[in-house]
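Shared between the two complexes below is chain A, which has chain B as its partner in the first and chain C in the second.
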Partner chain A sequence: MAARFSVRSAALHLVLIALAAVASLTMLMGRLIGPRPAWTMALVIGLIALLIVLKYEPFTQAFASTLRIWQGQSAAEASAFDVRWLGFSYIFFRLVSALRDRAAGKLPGMSLREFVTYVVFAPALIAGPIDRPDRFLKDLRSTFRFNLADATEGARRIAIGAFKKFVVADLIAVFALNEVNAEQAHGAPWVWLLVYAYAFRLYFDFSGYTDIAIGVARVFGIRLPENFNRPYLKPNLTQFWNSWHMSLAHWFRAYYFNPLTRALRTRAWAMPAIIFVSQATTMLLIGLWHGITWNFAIWGLWHGLGLFVHNRWADFAKARLAISPERPRLQQAVNVVGVLVTFHFVVLGWVWFALPDVALSLEVFEKLFGL
Partner chain B sequence: MTLERHSVLRIVVKALVLFVALNVAFALVDFPANGGVAALGRLSLYNTLWPGRARLPYGDDPGRAYNLSLYSLEAMFASHELSRGAKPADEFRVLLIGDSSTWGWLLRNEDTLAGLINAMGLTTEDGRAVRAYNLGYPIMSLTKDLLLLSHAMRYQPDLIVWLVTLESFPADKQLDHPIVRHNAPAVRALIADYQLRADPNDSSFVNPSFLDGTFIGQRRALADWLRLQAYGALWGATGIDQYYPDTYEPAQRDLEADASFKGMAPPLLPEEALAFDVLDAGVRMAAEAGVPMLIVNEPILISQGRNSHIRYNFFYPRWAYDQYRELMRKHLHLATTPGDVYYLDAWDLVPQGEFTNSAVHLTPRGSTILVEQIVAVLRKQMLG
Partner chain C sequence: MNSNDITHTLSTYVTTQILKQPKRILKGDEPLISSGLIDSFHLVDLGLFIEDKFGVRIEDSELNADTFDTLDQLVVLIQSRQ
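Then we have the complex of A and B:
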């Protein structure tokens, strides 16, 4: 890992030029071709292909090697970091949002400068949240006047975010699960501790970044959407995904899950099958967006299956196991159990997410359950 | 808008007052020793949430060693298994003091001297179980040893085993180590109490000002303390407390044709160039507490490579080391301090194949050879 970071990163000005070029190109093509579905689809496929090249290590490496050779350098010096762009994962979402909204006639007219600002908006560039173009544009176009309330709130969010990220998350990161300590740790309670630490480290790290992004944007009068809402305290997996990386879930719901569900409904599929296919493939794509590896795929399917089971269970329980409002304590107890079950389901899912290969993940599961 | 501005101003003023108050309070807790960090150091997750460490915290690659170096003796000892609780009545407590060879560089805890002694399951004549604690620390300075010993005496030892080597003796290098320099008040107290030759106003001492004792001034120490607590989880989960490389550079066998030692040339190693006053202070400290002490001249690599007729190893030219051994023998023989002091000169005990990456670092087998000798002395002189 250390060797990876010792690799020289791309020059900032080249990255900025590349980002601006992709955004401008997308904008211009959008203008030229208009809202024609075939062309939109071709552009989206092009972006997906680029995402795959940047997310699938062998392709990235091959691409980097090709560029090195093209520049008359040794391919041995190539690294995935030669070509990966800071924040491309999030740029991808914004570009696809713009293209799809354009095709649907929902994209408001915007200048090239507004479009590029939306795509590479600095506070949200590396870790989101993923804003929608129409909502972002509304704030961007409103006249900026220094507002003490916004500045104070922004500063508060930045302070909270910095504390979460640089104090809490970085401290927990010391003993969070990783590929090295996963092999070294022994004893189920200790391995559980590492896995719990990973879960909280991830939450505080990511939500801390989000707080900072929201806070910085707020100082400039832009209200980015929230990304987290106490996700580990949710009583079921559906609510978890409505409160964890919310802007990502909204994006997939709007641009993949809902259109797919609508399309499947036109066929004579049973509803459970539609739900299963929609949820499983949505979560699989979310997994693969993090990186094209078996572990991210399994993590996605883990959640897809979990959401499907919860959906079926909720359907079953609603009719048969409804709790009377006169029994609030029972409802409370059921909620507590739900929170614990959901939390542990998510925590166990992080084992796939945190580790680089399936064998090591299975080894950790064996240790967790003392097998 | 005016009201908002007032609110903001009030918040800023309150925050500033709280910030200053916290910093001043933190500095006042234990000034001038170490600021609040010294007091905070006594708080530890070790021996409660995490198991106590088997050796003092030390490490310059925390991410791989799950261990780190820090200056707070309080925090270091609080993380050690020695601080687990009151001393059991049936325990014969042995504290091992020394350098990296005692600490166990490249050795698993079970292969260190303390680990090997504990594995032998020794008991005293009156039935107490012998329990050894590793208080070695990877720095070669008798003053550092004395500093740790002075701190360790509160743990009621029944025996102190102090492993020394010539490299720890040069008088002009005694204060030249971060842990010594950053514990200036404690070292100055030792200088005063035992009339050591070291200069209490030596410029290498780090003298904390009041500002250095504040929360901000102590931010590095605080971060170290926090990280030490966090790494305890990985120590508990893995039992790892140092980084073990797959390979290492073996100790040098072919040596330079250089007969000098720390700027000194043969034929005479002046006694005053060595810190025997510090050794005496340790002996006195133990004697005053009525605790017997075994001083061990630790094994060194006796090379048979190029220029080994000039030098024993990378550290020592033959003439200097031979004179050092003579001085040790003479000095400990002449020691007039009360109490039991025993001396084991184990310099040539371990064959050259049982050293790892330095002329004093032993393999597990080398450690076993040394422990057998130490235990033989203990049995003969103390355990019965």
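Then we have the complex of A and C:
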């Protein structure tokens, strides 16, 4: 009997809005950043369309049904799992990087084999880190000789990663926030415990995976970029995003945020407007990349608005409230407060990220604050 | 323009226009991006300033700490493209 999977009701309007937003942004960028070869833009749009089909389950289901019918099979046999593409989310980044760098004349010359190795490099295929073509090629082209120091360091990272992912994260996962316990839990302290647990589970799971990927690559002489740098200990949201999923943030800066900001800056927009548009749209896209749902969109905007507010505050404070280097204790106290505020802002943001719908997320917020 | 002049021009721009602390003295090896001293918006502004002042293009994908993180590194980058 064919396995069947539940599918959430289609929110076609949401998909159409997302499609229109992505298409408009792509066209806007195309116009603002100057002429690019038409085929580059067409390929980038094609990749975005494919990403949307794979990221939005009702579309994936419809695509699977079409394929089944095309093959003379019953559409009832179709499931979204028919057309899953392992690692496409990250393949997408590498392909778009290559296209954009090629159009800018910055892509180093490489053979087909080198290019394919870069795009589907096994240790980083499923969840990154996202490397740059020029940096990856440098390691790939250097002659591989067994190096005890690299092998030892690689093994150390693999061991640390396995412990973080399969021991710490899996243990915390038992009581981390999810769809079921969000409904069952009552009392603010318990709900806070679930949310804190989710924050740490996600960090240990993802950073553990990254450690394993970096370690495996290192054994083979490839030094993948780091993805985490103690993100929950950062004193503000800007520094959090400089230390959480760093290669993703780096990619969005290079290929979306910087070109958009540069284009708006040269058109003499007011600085606060530029900051708002750039931060909000960048984070919205990062949210939607995780999946096309209202919750991921809200999570992205949550961080976009947070980054905007922090930017405005930092701009106001740096000229007026600069702390003298002769008062290190005051600076330390300000940093501690900053870490606590930033951590809780991020933790509350995970409520949108962890749960499947807005109503349940709002219910959790009500429980957290005893409303 | 020699490297000292470039350093002085860049340092003045960063302290007055970005940090808004004209009396601050920036060391040549002081991390600017990785330390959070210059945020991503001001990094784009710095790129535009360099383009305008020195006629050197720094690509959007190069505006990061991997390409340059200190005044000294930035001066080398500018001179290598002039």
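We take it that the second predicted complex is superposed on the first by the 335 of 371 C-alpha atoms of A that agree within 3 Å, B and C clash if a C-alpha of one lies under 4 Å from a C-alpha of the other, contacts with A are read in each partner's own complex, and residues count from 1 in each chain.
FYI, contacts are C-beta pairs under 8 Å (C-beta built on N, C-alpha and C of every residue); 3 or more make two chains touch, one makes a residue touch a chain.
Just so it is clear, the structure is predicted and the values come from calculations on it, not from any experiment.
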Dominant toucher of chain A (residue count), chain B or chain C: C
Partner chain(s) touched by A:T66 [first = chain B, second = chain C, both, neither]: neither
Touched partner set for A:H250, first chain B, second chain C, both or neither: second
Partner chain(s) touched by A:D101 [first = chain B, second = chain C, both, neither]: second
Which of chain B and chain C A:S142 touches, first, second, both or neither: neither
Touching partner for A:Q184 - first (chain B), second (chain C), both, neither: first
Touching partner for A:N242 - first (chain B), second (chain C), both, neither: second
First, second, both or neither for A:F175, with chain B first and chain C second: first
For the chain A and chain C complex, residues of the former touching the latter: 100-101, 104, 106, 132, 236, 238-239, 242, 250, 253-255, 257-259, 261-262, 265-266, 271, 274-275, 278, 311, 314, 318-319, 322
Residue ranges of chain A touching chain B (in the complex, touch as defined): 148-149, 152, 171-172, 174-175, 180-181, 184-187, 190-191, 193-194, 197
In the complex, chain C residues that touch chain A: 19-21, 34, 36, 39-41, 43-45, 47-48, 59-61, 63-64
Touching residues (chain side chain B, partner chain A) in the complex: 1, 4-5, 8, 62, 64, 226-227, 230-231, 233-234, 236-240
